[in-house]
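Order of writing sets the chain letters: A, B and C. Residues in each chain are counted from 1.
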Amino acid sequence: MAKEQQTTGGASASPVSLRLEVKNLSKSYGSVHAVKDVSFDALPGEVVALVGENGAGKSTVSKILAGAAQRGTGQIFVQGEEFNPGSVGDSRKVGVSCAFQELSLIPGLTVGENLELVDKSPIGIFSQSKASSASARTLEKFEVDHISPDSAVSSLSLADRQIVEIVRAFIGSPNILILDEASSALTPPGVGWLFARIREFTATGGTVIYVSHRMSELEEIADRVIVMRDGTHVGEFRKGDWGRDQLVSLMAGREASSQFPETTELRKISEPILKVKNLRSDRISGIDLEVFPGEIVGIGGLAGNGQSELLSALFGARHAKADEWTLDGRKINKMNPRLAVELGLGFVPEDRKLQGLALSLGVGENLIFPWQKIFGLGGKPVINNQKTWLGDVINALSVKTRGASEPAGALSGGNQQKLVFGRWIDRNRKLLLLHDPTRGVDVGAKQDLYASILRLSDAGIAVVWLSTEVEEIVNVCHRALVMYNGEIVSSLRGEQLTADGVVGAAMGGN
Amino acid sequence: MNQLLTNIKTIPKAAWPFIAFILLFFLGGLLRPELITIESLLGTAAFAIILAVASYGQTVAIIQGGIDLSVANTIAFTALAFLTMTRTVGFFPALIVTLLLGSLIGFINGFIITKLSLTPIVTTIAMNGFLFGLILLLFKSSELATVPVELEVITTARISLLGVSFPAALLVGLIIMALLQAMISYSGFGRQLIVTGTSAEVARYSGIAVDRTKTLGWALTGFLNAVAAVIIVGFYSQASPTMGAAYLLGSVAAVVVGGASIFGGSGSFVATVGGALVLGQVATLVSVANLGSNIQQLIYGLIVLGVVAAYGRNKKG
Amino acid sequence: METIKTGLFSAVTRLRAEGATAPVLAFLVFFSLYVVVNPEILTRFQLQNAANLVVPLAFAAIAQMIVVIVGGIDISIGAIMSLCNVSFALMMINLSPAIAIPATLLIGVAAGLFNGLLVAYLRLPAIAVTLASFFIIGALTRELMDRPGGGISFEFFLATSGELLPFVPVSFFWLSLFAVALWFVLQKTRFGRHVYAVGSNPEGLEAAGVHSRATIVMAFMLSGLTVSIGAIMLAGSTLTGDPRSGDAYLLNSIAAVALAGVSFAGGRGSILGAILAAFTLGLIGNFLYFAGINASWQYIIAALILLSVVAIPAIVERVRKAYRESK
């Protein structure tokens, strides 16, 4: 039934009938309730935004709708028909298509191949040239003129990859288009392009589920906004009926102004703890950086502009050279992680599950990874003070765990993040390198982490904080360095350290 | 029923192969009741411990996330070197040099894997071939059969304990198992190996010297392969260029049947012994029931499948 | 003329992208040396012998490559080779090739299906599944035949291992035919694109609405088919079925795949590279014989060739990185 209505691009017979109905949707991953009893609906031609903090459950909802995850309990109806896809292919057949947050293009193939393989059965001749011209037409139809169908996806910038991912979602004239953080890597002109495509799509009756946490975008594009927090539906507003502060406090569960802690004045110390001149590697160049004890330096910019390479290079996890590199007064020729730890550095990586923790090993053991001496004893918690150290970290950060033997994988996201962070506190660190330390973490855990970072700063420990949340940089950092194309293009502090300032510099401006 | 299932879940993973071994042992008793004797159990155990000892090096390799396809010819090469040297320099010097040789072979593997970033599969296959060529070129007689007395005394001797007699090799194998298990569970190096095998990235971001840990791990693998070579020579009183062939995939089977994850990060020497015991008991049962070695291989394959299906599901993809 | 030029250019670019420059160069260097040491290789008799020697390994290398492209590795490849070899030889005692050949191909496909289903639908790691099937298929093989034998006729030998035309061994012909057909499937059909895609990003394939699991199963079946053809060629050229015939092909096929520049992470691989790598490895022993060097050196030389060819790109990358950073 849904198929018949698909051909015209989605306008249903009765304009008032619901395109999408979600009833009491719930989903748990183990003991973590990602989505709890969420209900909402969407009409043809509507843009419904799902907003919430990282970890609020909006991505899980979109994954379930897209067919990439199985629902737990509840019901979903598309055009009145029960909808329970077993795969992304099933969803697409019914006209539900998604541009995923974790880009799902195939890096080894070209843009053309990625676009032309969609929805087609394996049986059939594949002609490179036909795929190239067909996808060139597709790109043209969606007004993308700067990407060639013959480029390998792996050679594209992150922003361009996101554009291709979005175009791919449009293929097949879906009824419902889910855009999960689809603008996260786009430039402002790119966002404009996206909105133009969305408007074209809704004009013909298509429905868009727009998952995001960016206020300015919602104001422009959303007809209705649904707020999620901790997996539940906490608010719903029509266009024009809501204000930013209202949304933010609903998303955070508390007053917007108290989201960030009070920062203290930086005590001026003349000698920097870290100094690099002309630090460079294959993704970064000409980095001049000085970090002073107790300073919180933010690293901002659009994702993919060299920030994470810079952080890894400073820790020695990536090769880099510099004309001058001094850490705590000591000259550095070549950095590696073991040396970094010895010299007083600490690192909180971007992905706590793949880079931060060994999920199958115990909480206590994970905590002491950097401190495990090769000729020392280890393993069971009793052997090397794991319990005491864990106790200290639990007190400092309010980590919820059953004990040192609990596998790290059993902890919730926020607690896992605290664990990775807790590795470094009270360990005579001089400089901490943090890569999005509050990503995907609930509001309460965020507060605990902010407080801890400030305590460290007060104690004279320097912090280099890479964040993709502009608000974090603006509100908690003493100084911000914005990166573009592998270089630092702007240094902001005091009055100049504003959201607009950071975003403007991130676009390449000075 | 639920209570039973919860209780079952608390049994440590490494115990399962031993439980299976005991069950198989009693299964054999159903066929031939006269086989339920301590002697026969110990006989199978002794035979199995040889496979286990040959699998200790593989256990280390798999725990740290790799695989050793050079174990066959490392064993053959070091065994032949050992026998050749004992004739000239005597037992103890030959033993030391042999163990150093094994460690060197492992170290070279580790160096190539870490510094040249080649995969363990390719590196160890190349090393395996290389060593085979060396064996053919360096060792004149295809089989050396004079085993030094000192070794024979240890490996072919029988120990009497509590009225039961068993081969000393069994005790030697178990002592090595205990030492290695203590290393992997309670020493800093062992824990670093486990973390590196679970995820090299996590290890790196925690400040663990990944390359150093891996290289030492490979050297240890080579060392243990040399130990196995000496014990095998002592137990079977001979060595030949192809003596290690069965241990290539046999060692992987023992480690996998013991429940280790083929991707690394988990595994124990106790479990490897358990895996070898299961495979050994299957061999005993098959020969007792006169089913032929083909059935034995078939059952080996089914057991590997069963264990991997129970433990080794691929979370991604 | 233009189209030929652009065709050649794009072919070279694609070879480079699949990492095949190494085996092509290695083979050219090796074969030049070979001709210097033994000019007689270019005689009809020796060409035929050499071809018969290396063609089965080429099939095994291609089969292993297909599994590696989808992100796995096949430890049972030697066992499948032996099984098909033995089955074919047995069938040829009483049946005509018209029945024996398709039946053998079916056996290879069935073995691949077994491996593929376990890997794709039970989500078991390929290395573990194929380790198990190594034992199972090996047992099956030895049940069928415990010593060399079988009913291969001389006519069949000529059909697989003789000469098609003067200086063109028939085995090359069959290999080329298969290679072209496979190339077409992998490069020019959607299924082939899926095979490469599933190796580099299975989630990406799912997101495009394609069933990645079915693709994996099909790839394993295709690999089994390839092995079975190699087994038939081997049976034809040796005039026997031998339960141990496939043993050496396990390690040699993996070495050939590595030498071919195929990434063990999946998603890349060139058929031509696999074939030339197999030719190089397969002829080393032969080469040493004619050079008057002790044949035992072939193992050492093969290992060194493998290591250097695979290590050189890594070293080049390092040097390049260091150079870039020093600027």
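What we mean here is this: contacts are C-beta pairs under 8 Å (C-beta built on N, C-alpha and C of every residue); 3 or more make two chains touch, one makes a residue touch a chain.
As the structure is a prediction and not an experimental result, all values here were calculated from the model.
Among the other chains, A has the CA centre that is most remote from the centre of subunit C. By C-beta contact pairs, the most connected chain pair is B-C. Mean C-alpha positions place subunit A and subunit C at a centre distance of 43 Å.
Taking the mean of the C-alpha atoms as each chain's centre, subunit B and subunit C sit 31 Å apart.
Counting only residues that touch two or more partner chains, subunit C has 203.
Taken residue by residue, subunit B touches two or more other chains at no position, since every residue touches fewer. Across the assembly, subunit A contributes no residue that touches 2 or more other chains.
Residues of subunit C touching subunit A in their complex: 187-194, 196-197, 199-201, 203-211, 214-215, 218, 267-268, 321, 324-326. Looking at the complex, you find that subunit C touches subunit B at residues 71, 73, 75, 118, 122-125, 127-129, 131-140, 142-143, 202-203, 212, 251, 254-255, 258, 264, 294, 296-304, 306-307, 310-311, 314-315.
By the touch criterion stated above, subunit A contacts subunit B in their complex at residues 315, 317, 336-338, 340-342, 347, 349, 354-358, 360-361, 365, 369-370, 372-380, 383, 423.
Remark: subunit B residues 67, 69, 112, 116-119, 121-123, 125-130, 132-134, 136-137, 249, 252-253, 256, 262-263, 293-298, 300-302, 304-305, 308-309, 312-314, 317 touch subunit C in the complex.
Across the complex, subunit A is touched by residues 185-192, 194-195, 198-199, 201-209, 213, 265-266 of subunit B.
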